[in-house]
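Chain naming follows the written order as A, B, C and D, and within any one chain the residues start at number 1.
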Amino acid sequence: MAIRVALLGTKFMGKAHSQAYRNVNMYFPDAPQVEMKVIVGRNRRETKTARQLFGWQEASTDWRATVNRPDIDLVDISTPGDLHCEMAIEAARAGKHIVCEKPLANTLADAKKMLAAVEKAGVRHLLMHNYRRVPAVTLARQLITEGRLGRIYHFRARYLQDWAMSPDLHLVWRFSAASAGSGALGDLGAHIIDLGRYLCGEITEVAARLETFIKRRPAAPGSRQRQRVTVDDAAVMLARFRNGALGTLEATRFARGRKNQNTFEINGDKGSISFDLEHLNILKFYSVEEPAAVQGFHDILCVTKGVHPYADAWWFDGHILGYEHTFTHTIYDFLKALQSRKRIHPDFTDGVRNQAVLDAAARASASRRWVAVQ
Amino acid sequence: MAIRVALLGTKFMGKAHSQAYRNVNMYFPDAPQVEMKVIVGRNRRETKTARQLFGWQEASTDWRATVNRPDIDLVDISTPGDLHCEMAIEAARAGKHIVCEKPLANTLADAKKMLAAVEKAGVRHLLMHNYRRVPAVTLARQLITEGRLGRIYHFRARYLQDWAMSPDLHLVWRFSAASAGSGALGDLGAHIIDLGRYLCGEITEVAARLETFIKRRPAAPGSRQRQRVTVDDAAVMLARFRNGALGTLEATRFARGRKNQNTFEINGDKGSISFDLEHLNILKFYSVEEPAAVQGFHDILCVTKGVHPYADAWWFDGHILGYEHTFTHTIYDFLKALQSRKRIHPDFTDGVRNQAVLDAAARASASRRWVAVQ
Amino acid sequence: MAIRVALLGTKFMGKAHSQAYRNVNMYFPDAPQVEMKVIVGRNRRETKTARQLFGWQEASTDWRATVNRPDIDLVDISTPGDLHCEMAIEAARAGKHIVCEKPLANTLADAKKMLAAVEKAGVRHLLMHNYRRVPAVTLARQLITEGRLGRIYHFRARYLQDWAMSPDLHLVWRFSAASAGSGALGDLGAHIIDLGRYLCGEITEVAARLETFIKRRPAAPGSRQRQRVTVDDAAVMLARFRNGALGTLEATRFARGRKNQNTFEINGDKGSISFDLEHLNILKFYSVEEPAAVQGFHDILCVTKGVHPYADAWWFDGHILGYEHTFTHTIYDFLKALQSRKRIHPDFTDGVRNQAVLDAAARASASRRWVAVQ
Amino acid sequence: MAIRVALLGTKFMGKAHSQAYRNVNMYFPDAPQVEMKVIVGRNRRETKTARQLFGWQEASTDWRATVNRPDIDLVDISTPGDLHCEMAIEAARAGKHIVCEKPLANTLADAKKMLAAVEKAGVRHLLMHNYRRVPAVTLARQLITEGRLGRIYHFRARYLQDWAMSPDLHLVWRFSAASAGSGALGDLGAHIIDLGRYLCGEITEVAARLETFIKRRPAAPGSRQRQRVTVDDAAVMLARFRNGALGTLEATRFARGRKNQNTFEINGDKGSISFDLEHLNILKFYSVEEPAAVQGFHDILCVTKGVHPYADAWWFDGHILGYEHTFTHTIYDFLKALQSRKRIHPDFTDGVRNQAVLDAAARASASRRWVAVQ
């Protein structure tokens, strides 16, 4: 039985999610068949183009009507954060399974409403923190679960980009708290918080500093009128995990030369791992369980069939994968979960926990104190 | 007007080429539309499965009939090398444009016949040396063409794998001269010869050594019967280029730990570049034209929109691409070339030149002498 | 005229400083001649051995008498931190120039006393933060001073080791607040604070967390008796610099697999640099002033004669230097400064500033608040 | 009892060897004591300066008289290659132990004469192929000897520099066959041949190509008169080892951006290692004996006390060593061998074997054939 999908959103994330629905059955023959029913956007012409390019059967500009169509099983929300809450609640009420882009919502309160809605409706829900399904990250989790790192002492993560550094860049939606909730914190920080939770467990308290380096930007491209930026350009954070580990987290759009460096290192008493999204096929791993003379960080190229997560679906050993298949893997796992009726993470509960950390970070920065995550 | 494609081959390369036809229009809206008409294989059931998974309209087991269908514009030959010649000649006679997997043929004589056939028929032809269209490699070529390396002195390349090292691995078609022509030489060596020609020009003479480390293998999986391996496990080569540069080339299936390391370095008097397919989004570049104190090999992450080859089609800056899109890029360029009626490389003339080098290498190894490339 | 040196300390730092005095004139012929007069230690036999191995003329166990000898020009204090204050004040009173190992003192109050003493006495003083004179770090400073990074937004540094992770390791002096002042904070954190100050300017406020993962250790090797560890195993810190940059700093002895990873990255609006002491001959540098297509982090091997700091003194281009010569360079510069009577950094004023940051970090951790550096 | 040393040579190698004699007893207290008696050079003033800087007791311009002094135990020959033979024979006749810089001689015939002389005289002899005693290389040998790589299939090595690329560089002694014997081949190639022999065993046959890219150079700095370069700028080689392994070796002074990249990789059926002198503290190691999921090249930082070769002599774990201590280690081992009367490698027999490979390479290049090593 096919899963009939409606996708809300036609831009970057719409394209990325479309790719996953379009190709998942090619690489993962055991997944339920996807039917790409409808793509929904605000702009009629752009949505028609997206329909054609990405391969959806229909285009629509009415998300509410689409969400309520009886021939839709799954609603995928790939819109800016300020729309997530209303869309997810409507989709839940309509009894649809939901895939939602991160961050779950722009506020903790909204995130909680969304969770309540899906739980009340009894629908399945997935939060698209796609980096959990980078094969190297999935392997990292396996190694930790197997105890290969032992007790964990340190998690240090940073997500560095540099696209926002020009003062001439105008006030796109990501610079506005109204549409984006926060800046680097929610956009990039949410990813590394999710990885921290996935790999090291819950964060219990944080200290933080949010900074807006460029405080006013052109209202529109080329405009002389400057408007206030209402989100952070960078967010730095100290964290304490429930298991006693110390965390340092940094998210910024002002790291010149770092285009998409989502990198972390975890140190345990028996071993360490590190990862960098710009080299996403590699996991580095150190183990004290090897002979002393040869201990060193391994460069594990996580593309060996029969060995590494998701590798059987793809090409020969060592033929590397791109960014987009973090989505393919996630959608695959969600389709399988729909079939098997097993719970899958990250879901909206993870979204609420993540939002609680973001919320604590913002309060910690404002109050100049350590703040407990609620 | 759509280009109607028939694909011959359902295995690894059939899958890789299918991916390209399937997705090229999504990422490159300016390309002619592809119509995935027929996939052809020997085994009826496997071919039907491939049809469904990869997204072809029809499946067939009769390549000759398919090639001659009036509703086919383009024939893609993704079969083992011993079938290329006959198929290409038939397709040329039928007036179809041709995409052919490398190596063009198993012998220089066959390669020349194929070239003669496509030239006589006046059809367009592409040889799938996909690595020319790794963005980093395309950038390397641009830098060389712009004179950023100056006069070239050295080309050193190696293509290292390790899948053949177990003596228990049975006599798959790649170990047989009858089906594969040669071993590491034609399989891997052909790739780095093509890169050498693309980046440094023609090779005029070679010395070489072909070696078969494991001389007999099980006839079938688990079989006790051993049959002779008739191809090389490894091939090493010295080369001289027309421009005076020295080349060292090495292709092997016996480099433990190297899964798919296709790597080269080129040294010119003004700069150097290096590349490694296991990190395919990176080009390393050194230039003497920078201030002395900061000269060093740059790690160029070749995924910046508006800047790097093919980047506009994909994701945000720094979001890395996988192996498969070397095919997508090549098919894109070929589709554009069909439209514009411009010549595109590598084509069958490149295949003949490449085969001439392979042929010279085999003769050089046998004769223990330097041999001129004919 | 030779500089007659007395060295207090015979252990690791005594050896490292001895190396510098022993070899500085060989590599830097323009430096004043060093006369290695006396080495002073607590244990007579060990001190005699050190004298012979390291090449000092005399051995003594009486530091106070030695410091007051008329035939000594320079006193080098390479003892544990709790002895620095008294020794430095005595040496200053005796009119000797002083080299002091970092951290300057175990408390901010002591550091200030030491500074007052040397200023009153009018002697020259050097604080041995040797990493400023890693050629790559000196080059980093040059690039920043030349404006190659533009306005600085981020400083992120970590100093990671793993030697303290075994719970069986007994209570060496470094685990005791009485002798060491603090743990990872003063031992490792002081280094990266110094680098931050050297490269980005003054730190004005911090948030921090100090953690002792293993709270009790054997009193002596193999002992069953456990005593309390009174220093931190790890210290994490957020910092704000006077120039508006954000800092994240981490010092730990619990980073499995990291033996001596003192690493930092600095992001400015025009470029970025990064460094790792485990690869100390390399500086990585990114500049937006290069052509877009080739922008990337350069791997600068900082060993080119006529180009890189200190390189003329050593071997051919690309012949790498070891850790020990960070001391040789520092002593060279101090000898030259004694000759020229120019001020040199880092000196005791830097030590006081550094200690003020350490002090603020400890208070910030205890109070769970951001704290201003005094 | 001290070993009284005379050093012939005051330039780069004289300095490097002096460093070793000067410091070996500081770091290796168990070595016999060195007495730095005499340094010998052609130029009186330069030799006096060298004496003072490097720490020799006396300076001389008469090597023959010095070699015959009764108060000399060990003669170290650090002169250009054309002087080695006469000096070594004289020293052997005088009954002195000999350290000789590589290559042993400029011709195979001379090398054999030198070996005959030391064997006849019964003196101990060391050939200074210092890279065997890079700790990472020594570790590589240990791993191979322990069988961690299994049967070896491939040795690939290159030694790349770029100092000779300017056509304005005049005809220094290294460009003259009369003084240097050969160019990149003997200067750089000899090093990687030695490493190949050390790690993989004897080379039995070779194919090669020597190339002189810049055929005429200024007779003196700034001179308009051009003289012919009589040595190779680059040498490339294929080799077959006695154990069946294939080798590719490349030595060049025309690899722009490579200052001192002496790098090799060895592939065996159970594992692989690789090394790069520009990162000399690192050995990379891959083993199939580890769990499949974590197999990858380890970055072994070869500076752990109690674990890695020579590490106990130096600083704390992870504190890296420089190029110069490859000499210190070699001299240490030779001093110990003098004491214990055990044979040590590489010695003059290794020099003869090495020279036989160089000789075969030159003949192979000239004859355009594979040539057996005699």
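Simple rule for what comes next: a contact is a pair of C-beta atoms (placed from the backbone, for glycine too) under 8 Å apart; a residue touches a chain by one contact, two chains touch by 3 or more.
All of these numbers come straight from a predicted model, not from anything done at the bench.
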Taking each chain's centre as the mean of its CA atoms, which one is farthest from the centre of subunit C? B
Go through C-D and B-D and name the pair with more C-beta contacts between its chains. B-D
How big is the gap, in whole Å, between where the Cα atoms of subunit A centre and where those of subunit D centre? 53
Quick one: report the Å distance separating subunit B from subunit D, using the average Cα coordinate of each chain. 41
Cα centroid separation, subunit C vs subunit D, in Å, comes to 35
Residues of subunit A touching 2+ other chains? 258, 295-297, 301, 304
Residue numbers of subunit D touching subunit B in their complex, please. 149, 153-154, 156, 158, 160, 162, 165, 207-209, 211, 213, 234, 236-238, 240, 244, 246-248, 250, 252, 254-258, 265, 267-272, 286, 288, 295-297, 368-370
Give every residue of subunit D touching subunit C within the complex, in rising order. 12, 16, 18-19, 22-23, 25-26, 29, 49, 53-55, 161, 163, 258-261, 277-281, 301, 303-304, 315-325
In the complex, go through subunit D and note every residue touching subunit A. 139, 142-143, 148, 283-285, 287, 290, 292-301, 304, 306-308
